[in-house]
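See the structures that follow.
Below, subunit A partners subunit B and then partners subunit C, in two separate complexes.
== the complex of A and B ==
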């Protein structure tokens, strides 16, 4: 299977005074053609930073520290800004969490979609307008011609997110990064948007879906990466991950959801919070919250090992087993 | 999206905001809201309009010309022939006021416009580029702001001499820094919004982002700044003319008229008082209009 996106040992972070803080630490992931790949994790674990690093949009003073990002085999890290700009929108694009603020409030919706075309292709305004109506219709915006003349505040959240998707998809990019695309939407609209993403991926687009919602991940993703404190702690096919979660963190996440379904009185939670980047534990990032924490967990960072069938896991509980 | 989407119909009948058809959200609705909420601003607008009309129609409205002397009727009090009386040269005050309002209005609008454009361009570039460019432009602006503007204006006028063009130049130079400051801070706010991010992700080049995405979102702020800049320009011109550095006699300007009338403040008070009242009226009118616009254009109130 051809990989559209290949991220290898990517580290990104901020230089704070003299020390360097890594928000993304040695992350490797693959997005194959026509597949939806999920990244799941709590807030602040480096999901969005990974996405920004791929797009080359990390804001100063953040930066990519090391590693490589290959889009269809082309190296993006260190590519001149001008070349990257040509790729953004046409070969890779991204949609955000907040459809309420992702559209320019003083620009008509149609114009914003047209802009995406006219930046990358030399087409007449009529042609661009025609194509944007077409794509808006195809992502399920009713009466697209009329909607094109609206300002963003005149559209509902679901419609705005559809417009965002239309803008992202209009040039048929190879890679779509969706950063919590449904978090701000209600459940019925969420289902429609997820359905839409599935349709897109069946057309060959590789989608990297970032979410903290395991329900969303379970519904649409083919493969899942679990991130914690900037590192990938577990990676597996979706069904495999949900059937056989190995990492204590993944199990904790799943239990938090299952306890809802089980109808118990007490919600299972993972005690504690994601560690501050400035005060990251020396060993495994999850060790302070882990119920099965051992001595070596506090001291060393575990390696990512294969537990069979490409099920990768970064935990000393399994590292020992693999060695035996 | 396939046509059998089960949710789509629901969304259509639910009467959400998305189903409303586009309503005009342009000039007209702004005027409407202004009229509904702030009567004072509308009144001020009418006053300004009246002044503009008077300035344009000056030669038609009066039988005299601004420089026509009549030494037999020097310093005559208001009368049916001379509604506002005459000055020390027997010139009709009303006529001189009408012609003087042309100067005052021009001086209000032109330098404000120039400093607006200059300040906006520098402010946006400064905020967008950041780093060294930002530092250089902003330190330059600090320099301008740190200097007492009246003193700076006087120095420039002394060096260049009086006259309309030089006043334009002076006032533009004095005012751009404040505008640049405000526009820069707006830019810094807008640059962090997701729609600018989205534009960058679409591959929109920097210049276009500044022009199409940042500038239009600065316009409400700039409009308010503009209406508040006008009266300060008018006042500065009046002060300069009052000090003898602005418009030179026998040309008429309100500031100049207040100055020449000063000598006759006890014998013929109307010479100074009437132009002073006019300056006050127009300055207040612009200020009230600016306040009203600021309220109406505030995006937070707009959404309610």
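== the complex of A and C ==
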């Protein structure tokens, strides 16, 4: 299968007082054509940073430190800004975390949706406006023509997110990155937006869906990457991951979701919090919170090994087995 | 929207009426008979008495007030004691000078302020940024009279490029406009810089970049329009205060405007003239505030909707 996005050993971070902190550490991932690939992890684990690194939109003072990002086989790291700009919005686009603040408050919705067309193609205003009404309708915005004349604050959160999606999809990009597209929405609207994602991907677009919510991931993703403290700790097909979670962190995440669903008295959560980037443990990032932590976990970073059928895992509990 | 405008207009009228009352009262509580002060010490009391009753100053204070308000509404501010001419005529001759000076100062302030502020924000911490912000800080901290005298010294006395004072042609307005506008330019450029820096961090800027906008496109189509909201408000307020008479600048550069007229009124204890100029200036300030308010509503769709 053709991979639209190929990220290899990507590291990104911030330079702080001579030292360098890595918010994204040696991340590799694939997004095949027509698939939805999820990244799941707690707040602050580097999900957005990974997405921004792919788009080339990391905010100052952050930067890509090393690694490679291939979009349809073209290397993006180190590509001149002008060439990258030509790809953004046309070949790859991104939906940001906050639908409330991600639209320009003083610009009419229609203008914002058609903006990408007007940047990348030489078409008349009428043509662009016509196409933006079309795309808005196709993502389920009712009375799209009327909404085009609205300002963002006049729309509901769900509509705004649909506008964001329309905006990102208007030039039919190869890759769509959606950074927590449903976090700000209620459950029914969330289901609708996720359904929309599935429709888009069946059209051939590769989607990288970022979420901290395993429920969302389970509903739509074909493949999942579990991220912790800047590293991929586990990766597998969605069904496989939910059936056979290997990493103690993944198991903890699943348990907390299940205990919520089961309505148990005690919420089964993972003790502790994500470590601060400046005080990252030398070994496995999860070791301070891990109930199965061993001596080596504190000392060394485990390698990402294949546990069979492409189920990747970064944990000493399995590293030994794999070597045997 | 219409509702909003009407409400703001009504408010403006109320404020104006209140200010009219305050000006009136303040001038009445100043001790001493203004006629006596004006005419000097060795004047026949009978003459003073006749003048006082002629000007209606012996009437009860409420009657005086209502006469003053009614006359003012007809555009009649009485006759200047010290110049012996109708006050409204004096204001009318002085105002064009004030208007030209204010417009020139505003033009200077806004063009400089927006350019410097934008460059400073985009090239944050660069040499240009430091230079522009240095000049801005000077502008907002150096008093107008000092800026005026510095400019006179350098460009008129030393370089002989321009006249020291007086109004001969358009060039006569250059130095006063710069002296007067420097302060406003400083405030505008600092406001533009800080607003832009904040806006460039906004989420919708990322959205625009994700669509493929370059730095210039982001600035022009997204950041500037949003940054202009507070800036335009400040501009309207500045214009109204510039229009209401630059007392110091007009005096230093000998420009016969409203500000200078007010100074002359104070020197001559000329109550009708002072009352007239004060009321006129206040009306301009209130109008400016009203304009700022309505402009903000036009520029910001969120406010437009609310009303």
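Note that in this section the second predicted complex is superposed on the first by the 324 of 324 C-alpha atoms of A that agree within 3 Å, B and C clash if a C-alpha of one lies under 4 Å from a C-alpha of the other, contacts with A are read in each partner's own complex, and residues count from 1 in each chain.
The rule is short, and it goes like this: a contact is a pair of C-beta atoms (placed from the backbone, for glycine too) under 8 Å apart; a residue touches a chain by one contact, two chains touch by 3 or more.
These figures come from a predicted structure and were not determined experimentally.
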Task = Label the relationship between subunit B and subunit C on subunit A in the superposed model as either fit or clash.
result = clash
Ask   = Is A:158 in contact with subunit B, with subunit C, with both, or with neither (first, second, both, neither)?
value = first
Query = Is A:149 in contact with subunit B, with subunit C, with both, or with neither (first, second, both, neither)?
reply = first
Ask   = Where does A:202 make contact in the superposed view: on subunit B (first), on subunit C (second), on both, or on neither?
value = neither
Query = In the superposed arrangement, which partner chain does A:102 touch: subunit B (first), subunit C (second), both, or neither?
reply = both
Winner by number of subunit A residues touched, once subunit B and subunit C are compared = B
Ask   = Once the shared chain is lined up, is A:66 touching subunit B (first), subunit C (second), both, or neither of them?
value = neither
Inquiry  = For A:120, using the defined touch cut-off, is the partner it touches subunit B, subunit C, both, or neither? Pick first, second, both or neither.
reply    = both
Message = Once chain A of both complexes is superposed, is A:167 in touch with subunit B (first), subunit C (second), both, or neither?
response = both
Note = Among 27-35, 63-71 or 225-233, subunit C clashes with subunit B only at 225-233
Inquiry  = On subunit A, which stretch or stretches are contacted by subunit B in one complex as well as by subunit C in the other?
reply    = 55, 57, 85-90, 93-94, 96, 98, 101-107, 115-116, 119-120, 151, 153-154, 164, 167-168
Remark   = Given the complex, residues on subunit A that touch subunit C span 55, 57, 59, 81-82, 85-90, 93-94, 96-98, 101-107, 112, 115-116, 119-120, 151, 153-154, 164, 167-168
Query = In their shared complex, at which residues does subunit A touch subunit B?
reply = 55, 57, 60, 85-90, 93-94, 96, 98, 101-107, 115-116, 119-120, 138-140, 142, 146, 149-151, 153-156, 158-159, 164, 167-168, 188-189, 191-192, 195-196, 199
Note = subunit B contacts subunit A in the complex at 1-2, 5, 7-8, 10-12, 16-23, 25, 130, 193-205, 208, 212-213, 216-217, 219, 299, 303
Ask   = For subunit C, which residues count as touching subunit A in their complex?
value = 201-204, 206-214, 217, 221-222, 225-226, 229, 299-302, 305
